[in-house]
């Protein structure tokens, strides 16, 4: 197995507060890693440091063995790492199709080819497949802002896959999504994982979602790694139980 | 800000656009010299407003400097052509100069946003005016550059008002087509993404820095093109037209017409440039009426006139959809009960 | 040396007027996100209200009272109720653009209903010079400075020492919390609009005798006040005072020692540098208010 992502001794502090305090972990090709932990334990900050949105105070992030710490978010994204945000982030004034094309268009060709080339940047078919795959067919030409919350959440996830990423970081994909749609989403993610060998890191509060989807789980508490293992191992870990029950 | 694409879905905008084009081609045949001058001015200001609409309406970057770029373009064109160079050389100079300066003006936008960006561009605009006024060796200062010649296009003279009007109209046509292409290309999509959510755009691989600079540079280039046409239209260039007031006016044109709508600048410039002439009976009161109109419009619809139109269309569509649904339900229940 | 002192004092006098206008500008921003591009015209208008009364034969002092009252009514109450309130929900840009339209409307009305020419305006302060430490200083400058200091001190006392002032600050800093603890936020915002109207009326009375009353005279003044507010600190009254004084002095010294042609450029460069490297202003707080 190859290591897609390797994070070593990552620190991030804001003023006097340390949000991420020496986190190390790695993600293997084809894996679905879940990251759980109580609110404010530094999960989202960890994502932001890995993806270049924040600059880590210390530590290193490697993609396929290559150091990417300090690169800008769009540079990391173009290396095949995409993400979703905790809060919904679609472009409300673009149609569903346009949102998807946008999500992939910067991954190929040069600036000039994007001006003089085809309108859909050659991504029309891929977008169409993605629309079909996420059951958004009847909404393809609707403005994304007019979709229901759950539909936008699906679109948000679909956008993360447009560039053909090797690694996708999902920040609370299940938040605020109803049960039917949740099952749908989980099934889609599992399918992409199985069919394309895509690798995921998922931050989630919904335990059922994490435990049934992920192959390995990392537990964070107060900016540190508290436990790591298969869902079953983590569930049985005394430290984790203590952290969650607050003893 | 409302989206660019919603209005393009029906056939109506095309029909209206075609009707508008026919009017623009036929109407001037019956107009006197002054009428043609005003109509040409409308075309020129529309080009400048299209540029600002690109920067502000599509890419979401506030600029109070568009008037300064019209000035830069006008001086570039006037200085080149009064020194014996052909119009095309002046135009090229205007384009290059505005591209470079516009690109540089984009850098502050990478650091600050919204009202701070407005203040910086405002300061730039005022500085540009000072340069126009004070660098007499280049701009002839407050005396201005006189006798700016009108170009010959493919050997045809545009000295006459009608010929020059058609020349302006053709230029507007070319600019419109290029802009239409641009906003529908991946660049246009990236501009809208930049306007709506730069952080998300960045995470999708969109180089927001570069697109911001491009948006400023291209918007400024259109300002420069407008200026290069303005100079031969008026045949005289002095600093007074290029105060902050012009930037404010261009901004109002964009907002009144509908920021982020392709046809917004056409409409905004129409109201700002043509209407005062048709309402001549109101002479001095016109600007007051215009000011009141702008304030009332913004209070009602911050997305401008086309924003209102879009809302009306959307409302009607929803009503029709719900009517269809209601009818379908009625038939369904009727069938069930029978 | 004597010349320098003179320049300094007249600079401070001009700066004090800028400060008055800039304070009003920041107050409107703080309480209702209004960037008033018509602030310069707000200074131009009261002079014409007063001139209108004078031309109708009203004595000077009564005309001033009339002018101030009309200013409070039109530039304070009506401005807020008719323009800002309906647009508040649309965000910063539409209000800003509406005030641009308002500035055009005001200039045109003066041109149309009054005059396009510059009108002389009587001064509150007698002409002449006064001798300070052996230097002849114009009484006008001293008078302007004193009146401005009195006004700013009074405003500071109001804001910091009275319960109404505390409520106004609460309403500006965090309207949501202020509302919860029972501050009548709406009324407090109205007060700031009235204070702004009062400040511009005072500035108008002080500056118009020097520069004459003209429909376009607000353009330069508005820009100066605007720069002063941002340079000093957009979200602070103190900042506006410092910014105003600084700008007045720079303006006068620049005119005397640097080319008069580009004196206008110095404040603009200052503005650009401050925004890029210290956007909160010289005295401003780093964090912006969040609404």
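By written order: A, B and C. Residues from 1 in each chain.
Heads up, the rule we're going with is that contacts are C-beta pairs under 8 Å (C-beta built on N, C-alpha and C of every residue); 3 or more make two chains touch, one makes a residue touch a chain.
All of these numbers come straight from a predicted model, not from anything done at the bench.
Looking at chain B and chain C, not one chain touches each of them. Taking the mean of all protein Cα atoms as the centre, the chain whose own Cα mean lies nearest is B. Taking the mean Cα position of each chain as its centre, A sits at the greatest distance from chain C. In terms of their C-alpha centroids, the spacing between chain B and chain C amounts to 33 Å.
With each centre defined as the average position of its C-alpha atoms, the distance from chain A to chain B rounds to 40 Å. Averaging Cα coordinates per chain places chain A and chain C 51 Å apart. Chain contact summary for the complex, chain B toward chain A: residues 1-6, 9, 182, 184-187, 189-190, 192-193, 196-197, 199-208, 210, 260. Residues 51, 53, 72-74, 77-78, 82-83, 85, 89-95, 98, 101-103, 105-107, 111, 114-117, 119, 121, 141, 143, 159, 162-163 of chain A touch chain B in their complex.
The touching residues of chain B, when paired with chain C in their complex, are 62, 108, 111-112, 114-116, 118-120, 123-124, 126-127, 130, 133-134, 243-245, 248, 251-252, 255, 284-285, 287-288, 290-292, 294-295, 298-299, 302. Looking at the complex, you find that chain C touches chain B at residues 35, 37, 83, 86-87, 90-98, 100-102, 104-105, 108-109, 111-112, 219, 223, 226-227, 230, 261-262, 264-265, 268-269, 271-272, 275-276, 279.
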